[in-house]
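Across the two complexes that follow, chain A remains constant while its partner is chain B and subsequently chain C.
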Partner chain A sequence: MSTERFAREAGKYAAIAWLGARRALSERAAVAGRALFLAVILFIFGRVWATVLGPGGRVGAAGRDELIFYLAVTEWCLLSVPPLYLSIEGDVRSGDVASQMVRPVSYVGAQLADALGETALRMCVLGPTAALVAWWIAGGWPADPRGLWLALPLGLLASTLAVLSTAAIGVSAFWIVDTSPIYWIWQKLAFVLGGLMLPLELYPDWLRAAARFSPFPAMLWGPGRMAFGFAPGAALETLAELVVWGTLAALLLVWLARRARTRIALAGG
Partner chain B sequence: MAAPIRGTLHFLRGLALMNLRSSLALRGAFWLQAGFMVLNNLAFFATWWLLFERFPQIGGWRIGDLLTLFGVVATGFGGSMVLAGGWRELARGIRDGELDSCLVQPKPVLLHLVGSRTVASGWGDLATGLGMLLVSGALEPAKLPATGVAVLASASVFTANGILVQSLAFWIDGMDALARQISEFTLTFSLYPRPLFSGGISFLLYTVLPAGFVGFVPAELVRAPSLALGAAALGAALFWIGLALFVFQRGLARYASGNRIGVRV
Partner chain C sequence: MSSAIALHNVRKTFRVPEREPGLRGSLRGLIRKRAREIVAVDDLSFAIAPGERVAFLGPNGAGKSTTLKILSGILQPSAGQVRVLGLEPGRERRRLAYRIGVVFGQRSQLWSHLPAADTFDLLARIYELEPAEYRQRRDELVASFAIADVVEKPVRQLSLGERMRCELVASLLHRPEILFLDEPTIGLDVVAKATIRDLLRERGRRDGCTILLTSHDTGDMAGVCERVLVIHHGRLLLDRSLDGLRKGFIARKRISVVTEEAELTLDLPGVRRLPSASHRSDFELDLGVVGVDRVVAAIVAGARVLDLSVEDPPMEEVVSAIYASALSAGPRP
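On to the complex of A and B.
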């Protein structure tokens, strides 16, 4: 593919992503609802950690403030992801997918670009919200706030991995139509194995070891633990894991999308 | 007087049976939704189990106490979803003028609206809640009356508060999203140990978001049954039901038809 053609193709998806971000911006109530939910969860867990740890209490390297910021980062990564699987499932159910497939862009690629645009917008809104609420509840920044800068690129990659995963779940609608049960399993595994609310340091050894075989710790615990201090080595480790899991998720999505296209052709569109 | 009450009870029984049939009509979807709700609840509880493994007490609460709290709230919430799932659509119905078909029928309007819908996943909540109550010992014969009152009170306050905030749609446009959010926050707060909240937030949790009467007070009634706690739980339930009925009836007087042609079975 020539550079000019590549730029033209990329431009199409960038335009779709831009539209996705603009649409998300117009859905203010949905974004505000998520921001409010994030604030409520941070408040509740602020109380949990204050009660459990008491003044000056710590869990390994983390005190109450670090644990609040940990939750702020993990929730930021997860709450920024739109329910892409529902959008794809809706197109499959209604049959709209057939008409969208004749456009000069890949159907799954366009859905992905749209969701990534929406994710970017949500991250821009929820990121500062999470940081400010966490700062207010904790009464300041973590002991070494430099790690939070490392959480930014990791969070972006983590949300991208989550979007790729939800896209793959959505494409499974070509076979099973109702994808919600698969999404629920994925979401619950992310909650528990990813360490959404509690860092993996608090888990029993056997569960922590089992979780490390899944992509979820890279998606949530990896960026979240940056709140515990400036750890470039740990950040690089998480980065490598995110790249590996992201590549695998992208390959799975491409494979599923190709199979889905064949299925549409077989079924007559 | 007895005849209308008997008629209403007969109507309620009919609605409950219809809800059950409607849930079971799509058998596969029903089991899937209920089953995944059980998994969903267990995954949420797993977080607490992990925390209690590390810290045996949170403000004096142990894992057993939280199991009781979860059991009471999940059973009450599940009951609300199964028997009265229509309250979640009340604000949308008011906004879209969908109350007309209920107004022309010789049955209590609110009862009809609330009881004519069911949420299949509520069976999963019901199953999880009863399972947790069983494990926590709340279903032992000595505790059964207190547990029954606690679940009834929890379900009543949650449902009545839902009706109350949804009914504000008679006055405020675009209330459905906010009403749902208020109910979700009430549920969220009701699932956390009571000692976590104090001061102003505690006041909020017994008024605007009545999580205290959905979770804390009923769970306390099961943990340490007493007449005072039973009276508090039932009194709160009656107060919220009365308030919800008052607000709904006042709102209904303002209701303007949607002039929509539709059929309700």
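On to the complex of A and C.
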């Protein structure tokens, strides 16, 4: 593919992503609801940590304030991801998938671009919300707030990995129709193995070791632990893991999308 | 002249899973899955010349939408050859996509939360239109389809008729050489249907665009098309011009006559009097029994005629007659 051709193709998906962001912006109630949910979660866990740890209490390297910011980052990464699997499943159930395949773009690629646009918009809204609410509950920034800057690009990549994963779950609808059970398993594994609420440092050794074989720590714990301090080495490690897992997820998605395309061509939408 | 669309002995089958009734059947189905083969399109052949406007009619399950999906490259035929604008749709779907437009009446290609204008802008990027050319085309279509006052409203706030006009504009932006329309007037009221038909006919003439239209509504056929393909059980039942269809399948005609006399009585075999008013009489003629000339002669001989008209029956009756003749031929083996 020539550079010009590639640029034109990339431009199509960028335009779809832009429209996805605009669509998400028009759904203000949904975005506001997520922001409110994030604030409530942070408030509740802020109180829980205050009660459990007491004044000046610490768990490993993290105090109450760091744990609140850890949760703010992990929830930011996860809540920014739209339910793409439901969107694809809906198209498969209704037959809309066939009508969307008459355009000169990939159906899955267009869905992915649309969801990434929505994710970007949500990250822009939920990021400041998470930071401000965490700052208010903790009564200030973490001891070394420079790590939070590193959490920004890592969170962006982490959410991209999550979107790729939910896209793959959605494409499985071409075979199993109801994708919710797979999504629930993925989501619960992300909560537990990714360390959504508790950093992996608090896990037993065997569970932490097992979790590191999955993509979930890179997706949540990796960006979240940036709240504990400025750690460029750890950030690079998470970055590398996100790139590897992201590539694998993208390859899986491409493979599934091709098989789904063949399935539609032979068996109908 | 080469055909815009050519199908040769096309067949499409689907394997549909079958479930046995009852708990035992469900458990058995977990171990041994059963499926039966459905023939959606069977040995279908036809060709459409560039610029033709063709109606593709058939009852539910006849294979119309499946054929349309094969022609637009969504489905791969199980057997046979398909050429659309010289391309093989199943293998060259994306190349073909730049040259065709598709409208599914029951599906929307517009982003419902955003104005249709935003979707048009996106489609311009997707179809790689030059900005100046796109703006000119969009403005021309927006004026032609009279959607200037709705194009900036979120699509979900539009009426069905307004939305369908926006759908048609979206499908025509990239100047498609062929327009596939799957029930474009479904759910619309009488006025909106008439508007859509006029716009389609006019646009087909102006752009020289080939139109293949599926519909249950024979008004779409009469209002837009010049040729009719009728499909039943996946097989082509009839391929005729609209005039040919009227002539070949019209077994009855209606005569309305206004006379100076309050009532007119005709005592001819094959003539049935329809509910009529004073000074006006309506008759239905069975053309297999009596000719129009004989009936008109009898009317003129029996009364002083002020006005007289001879009409074909509605298109619905014509198509019903075609389906009935197909059904009487028996189910497909």
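Here is the rule we use: the second predicted complex is superposed on the first by the 267 of 269 C-alpha atoms of A that agree within 3 Å, B and C clash if a C-alpha of one lies under 4 Å from a C-alpha of the other, contacts with A are read in each partner's own complex, and residues count from 1 in each chain.
In this section, a contact is a pair of C-beta atoms (placed from the backbone, for glycine too) under 8 Å apart; a residue touches a chain by one contact, two chains touch by 3 or more.
Keep in mind that what you see is a predicted model, and the values were worked out from it rather than measured.
Once the two complexes are overlaid on the shared chain, A:Pro104 sits against chain C while remaining clear of chain B. Look at A:Cys124: by the touch rule set out above, it reaches neither chain B nor chain C. After overlaying the two complexes on the shared chain, residue contacts for A:Leu86 are found with neither chain B nor chain C. By the touch criterion stated above, A:Gly11 is placed in contact with chain C alone, chain B being left untouched. In the superposed model, A:Glu27 makes contact with chain C only, not with chain B.
On the chain B side of its complex with chain A, the touching residues are 29, 32, 36, 39-40, 43-44, 46-47, 50-51, 53-55, 58-59, 174, 177, 181, 184-185, 188-189, 192, 195-197. Considering their complex, residues 14-15, 66, 69, 72-76, 90, 93-94, 97-98, 100, 102, 104, 107, 109, 111, 113-114, 118-119, 121-123, 125-128, 154 of chain C touch chain A.
The residues of chain A lying in touch with chain C in their complex are 8, 11-12, 15-16, 19, 22-23, 26-27, 94-96, 98-105, 264-269. By the touch criterion stated above, chain A contacts chain B in their complex at residues 29, 33, 36-37, 40-41, 44, 47-48, 51-52, 59, 178, 180-181, 184-185, 188, 191-192, 196-198, 202-204, 207.
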